[in-house]
Amino acid sequence: MATTLSFDASSDPILQRRREIQGVATASLKRRKVYSKIAVAVCWAFLGIAIIPLVAVVAYVVIKGLPAWNPDFFTHVTTPEGIAGGGVWNAIVGTAEIGIIATGVAVPLGLSCGLFLAESEGKVAGAVRFTADVMTGVPSITIGIFGYIAIVKNFGYSGLAGAFAIGIVMLPVIVRAGETAFRGVPPTLSEAALALGARKSVIARRVVVPAALPGVITGVLLAVARGLGETAPLLLTVFGNQYMQWNPTKPMNALTLVIFENSSQPYADLIQVAWGAALLLMVVVLVLSIGSRVTAAVLRREKR
Amino acid sequence: MTAQASTGTRRRLAHVAAVGVVAAGALLAACSSSATPAATTAPPGGTLSSANAAYIAADLKAPAGAPIAAGSTFVQPFFTKAFYTYTSLNSGLQVNYSGVGSGTGLTDFESGSVDFAASDVPMAASDLAKVPASKGPVIQIPDILGGVSISYNLPGVTKRIKLDAATLAGIFDGTIKTWNASQITALNPGVTLPSNAIVPEVRADSSGTTYIFTNYLAVAAPSVWTLGTNKTIAWPSVAVQTPKNSGVASSIKSTPYSIGYVELAYALQNNFTFAAIKNAAGVYVVPSQASVAADADQRLNVTPTDFSIVNEPGAASYPIAGYSWAILLQKQTSATTGAQVVKVLDWTTHTGGGQDQAAGLGYVALPPGLQNSNRTTLLTVTGPSGQPLLSK
Amino acid sequence: MRRGRRFGLSNRAYWGLLVGMAAVFVALVVWYLVSIVVQARPAFSTLGFSWIFSKVWDPTHGRFGLLPFILGTFETTAIALVLAVPIGLGTAIALAHLVPDRLRPPLSTAVELLAAVPSVVYGLWGLIVLAPVFRSTVEPFLSSVLGWTGLFNGPSDGVGLLLAGVILFVMVLPTMVAISRDVLAVVPVEQVEGALALGATKWQVLRKVVVPGARTGILGGFTLAMGRALGETVAVALVIGNSPFIAHSVKAPAATLASLIVNNFGEATGTELAALFGAALVLLVIGISVNALARVLVKSTVRGGAASVAVA
């Protein structure tokens, strides 16, 4: 016997249920889309908010600092109030030497620590990580004081004491940012290398570090920007110098010292020099930032 | 020349010479027909010893080297300019001075990290105790003079206002709260003062300028001023605290109805409006390099333990002034460095040398009589084998 | 294949080297800690311990107390982070996932440029440019809108907790953004695509996949930002009003432990100097406590897996 299937689309419970679900889904999608649009708009708005102070501060430094830039500014040493033709050449040399020495020591040390933290999970690693976190919150003047107690009291004021202090300011940032970057490398990459029989040091050198390079560069750049922009540690360690000094074992001048000291003077031309130095510092970090990203991109393309 | 004479004899000779010069000056002043009634005493400030030029010339022959010195931020612009000028005349000797703060400067001096130090307040007994006895006595000499202006920002009031110590004490301890309070209007008849609240502007950081200002309040209004004399004061909550003279100056400029104490060089360089302050003679004096010098001239016998020159007598004196001090060891351990230090300091603290740079920067030169006693003191500095290091 | 050592250090030597470096780092920190403690000891032997919680800082009369500065440190850091975390995260999300590829490098560099500004410049800009604006516009506006919270009492001076918090926010923003952006960008693309395939909207993908995947990195950025905010000295000293009293309003002037140290260190001697070292020690203890707290909070919200181990 043939059974007739009576199928009424308008009253079939399955179809009804399906329509219900579709209705909810469409409503949900509409609502979720609205939320999404709002949230995305908020993110854009926040980006805009982040750019505002950037524009304001950079514009201010440019407006106040650019008038100080002339050939003398870059080639002459600092001169006291009333002596024309002064510049910041000795401060440039000082900042460069201190920055290079501090970075040269802090980056390998910090990245090694970061690698250590990324590759270990125990309590010891936890303690080291905690130490790095706490040290990022230490006022830079206390690091300057530490440099004074540790180095200056025994060996006198010098560029090296300043590099020591700046290095300690940079170190925790590099450690933590480095660890974050190294952890971001997919474990599959290192596991593949391990399966191929590579030793851990080779994996680190050839796989992990290159893969983490963008993050590492960000971390190092943040640390260097912070280090170059610090004043208090330098005041108590490098001492400052009105004359040219290439020898890092002697007191040196630095751009941040010039900014700090000159900006609190009553004399307009010294204040001018301070802003010129501030602008120079910003430009230097900008150049380092762009330069390192370009280098990283070039290196990555070479490896292919 | 007189190298064979003992230091004691030379000191006595120098004293006699100074007294002789002062006495001669007094005689001349008394004989002068245009003498003012007060001219029966020596000319205020004293007269510079005639041997000065010879010493200045000899100072420029110091051995080459690069001594370092640290301390007061107040003297940094002056020292930097003075030492730069010195090096332009004697290129082998470059003095590196850094304004790390008087406290750190003293710590450096105590530990031997610097060859001499500078401090806005001379070393107290507790600081001197930290210098090892083996290093010998410590010499402290005033190296420059500065004044403290009371600058204010009072929209709508064009006439310069007058204030005295008691009123200032009330303003800065928060008891006088508005500009049209009776104490202020009483001193400024004919000036319409607004009823706005006063915003006192003070130093957030420890500072010699604060010391001089509070010293003045303590000396000139002792019954009213209770917050003490120090580089750091517990100001009332109504006071706005900003670091550094430049910070206070900036704050005054941008805060209407504010009033604060700012080192004279800042006030002069930035054309501030400052008050006329009542001095010990009852005259309202405007701060200037001349009026600060007039105050200092009234008291030449300052010593490291008795160094306050606020509120001195004299009609032309501006009462809020003070010295900054250079500090060195009497027994230098190296003849070369010792000669450099003592000659540079002698050159810097005398007219014809570093003091000539003071006025252009907003500082005030040391009174001539004080310069003479400075030299007397510096003449006692000896090298490791006891030989005096300063000579003409 | 480049020439050179093919096989590298033995695993043991490699690990020894890494551990050695970590040990050097820890040794430096311990040396720092010991130096501070030694310098601070005279304050504790002369004044005891309770002075830390006393309210009066008056070296002229030999009275020292750190409570207002401790509170000021917390308050400025809190304001800075309340602003920096959402805005920083939002900016990072925008940079990592919303911004067209070509604009990403210049905009990223632009935000990082904020890190290049020396802190003294931030302080000066805050004092000269922002403070008058705050005094005349921002603070009266906030008082009228948010006055009901009771947090905006008192006169609008311009300088104070709010300005200091805002300046700190600007200073820590590049750290928060840069590190978050990097970890947000490396979330595995398969997870993102999988979520999209399931019908998730952009925001749902971000909220449920990308951000959680980057959680530990974001925490790292947050920690660095908090560290910077706690320890910033010169910029804060210029804009916080340096009032050694407990602030009763967000607009009021205040002071932090770091600003206290930087303002007084150069001139201090004797007991005052030791007390400043004591302040440094207290700040260190605060840093330790706050970091430990952050750790505990994150651990309690993370539900197992690699993330919780990484946080340890």
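Per-chain numbering from 1; labels A, B and C assigned in written order.
Simple rule for what comes next: a residue touches a chain if its C-beta (ideal position, glycine included) is under 8 Å from a C-beta of that chain, and two chains touch if they have at least 3 such contacts.
Keep in mind the model is a prediction, meaning the values are calculated, not measured.
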Larger contact count among B-C and A-B belongs to B-C
Per-chain CA centroid nearest to the all-protein CA mean: C
Could you put a whole-Å number on the gap between the CA centroids of chain A and chain C? 14
Can you work out the whole-Å distance between the CA centroids of chain B and chain C? 42
Using CA atom averages as chain centres, what separation in Å is found between chain A and chain B? 45
Multi-partner residues in chain A (2 or more other chains touched) are 263
Which residues of chain C are in contact with two or more other chains? 262, 265
Send over the residues of chain B in touch with two or more other chains. 73, 100, 104, 247
Please give the residue numbers of chain B that touch chain C in the complex, ascending. 73, 100-104, 106-107, 126-127, 199, 204-208, 227-234, 237, 239-243, 247, 250-251, 254-255
Taking the complex as given, what residues does chain C use to touch chain B? 56-61, 63, 127-128, 131-132, 135, 157-159, 237-238, 241-245, 253, 255, 259, 262-270, 272-273
Taking the touch rule as given, give the residues of chain C at its contact with chain A in the complex, in rising order. 6-11, 13-15, 17-19, 21-22, 24-26, 28-29, 31-32, 35-36, 39, 86-91, 93-95, 98-99, 105, 107, 109-122, 124-125, 129, 170, 173-175, 177-179, 182-183, 186, 188, 199-204, 206-207, 216-217, 220-221, 223-224, 226-234, 257-258, 261-262, 265, 277, 280, 283-284, 287-288, 290-292, 295, 309-310, 312
Residues of chain A touching chain C in the complex: 29, 32-33, 35-37, 39-40, 42-47, 49-51, 53-54, 56-58, 60-61, 108-110, 112-113, 115-117, 119, 121, 123, 125-128, 130-143, 145-146, 149-150, 168, 171-173, 175-177, 179-181, 183-184, 186, 199-202, 204-205, 214-215, 218-219, 221-222, 225-226, 228-232, 256, 259-260, 263, 278, 281-282, 284-286, 289-290, 293
Listed in rising order, chain B residues that touch chain A in their complex are 66, 68, 70, 73, 76-77, 80-81, 83-84, 94, 96-100, 104, 111, 113, 244-247, 249, 265-266, 268-270, 360-362
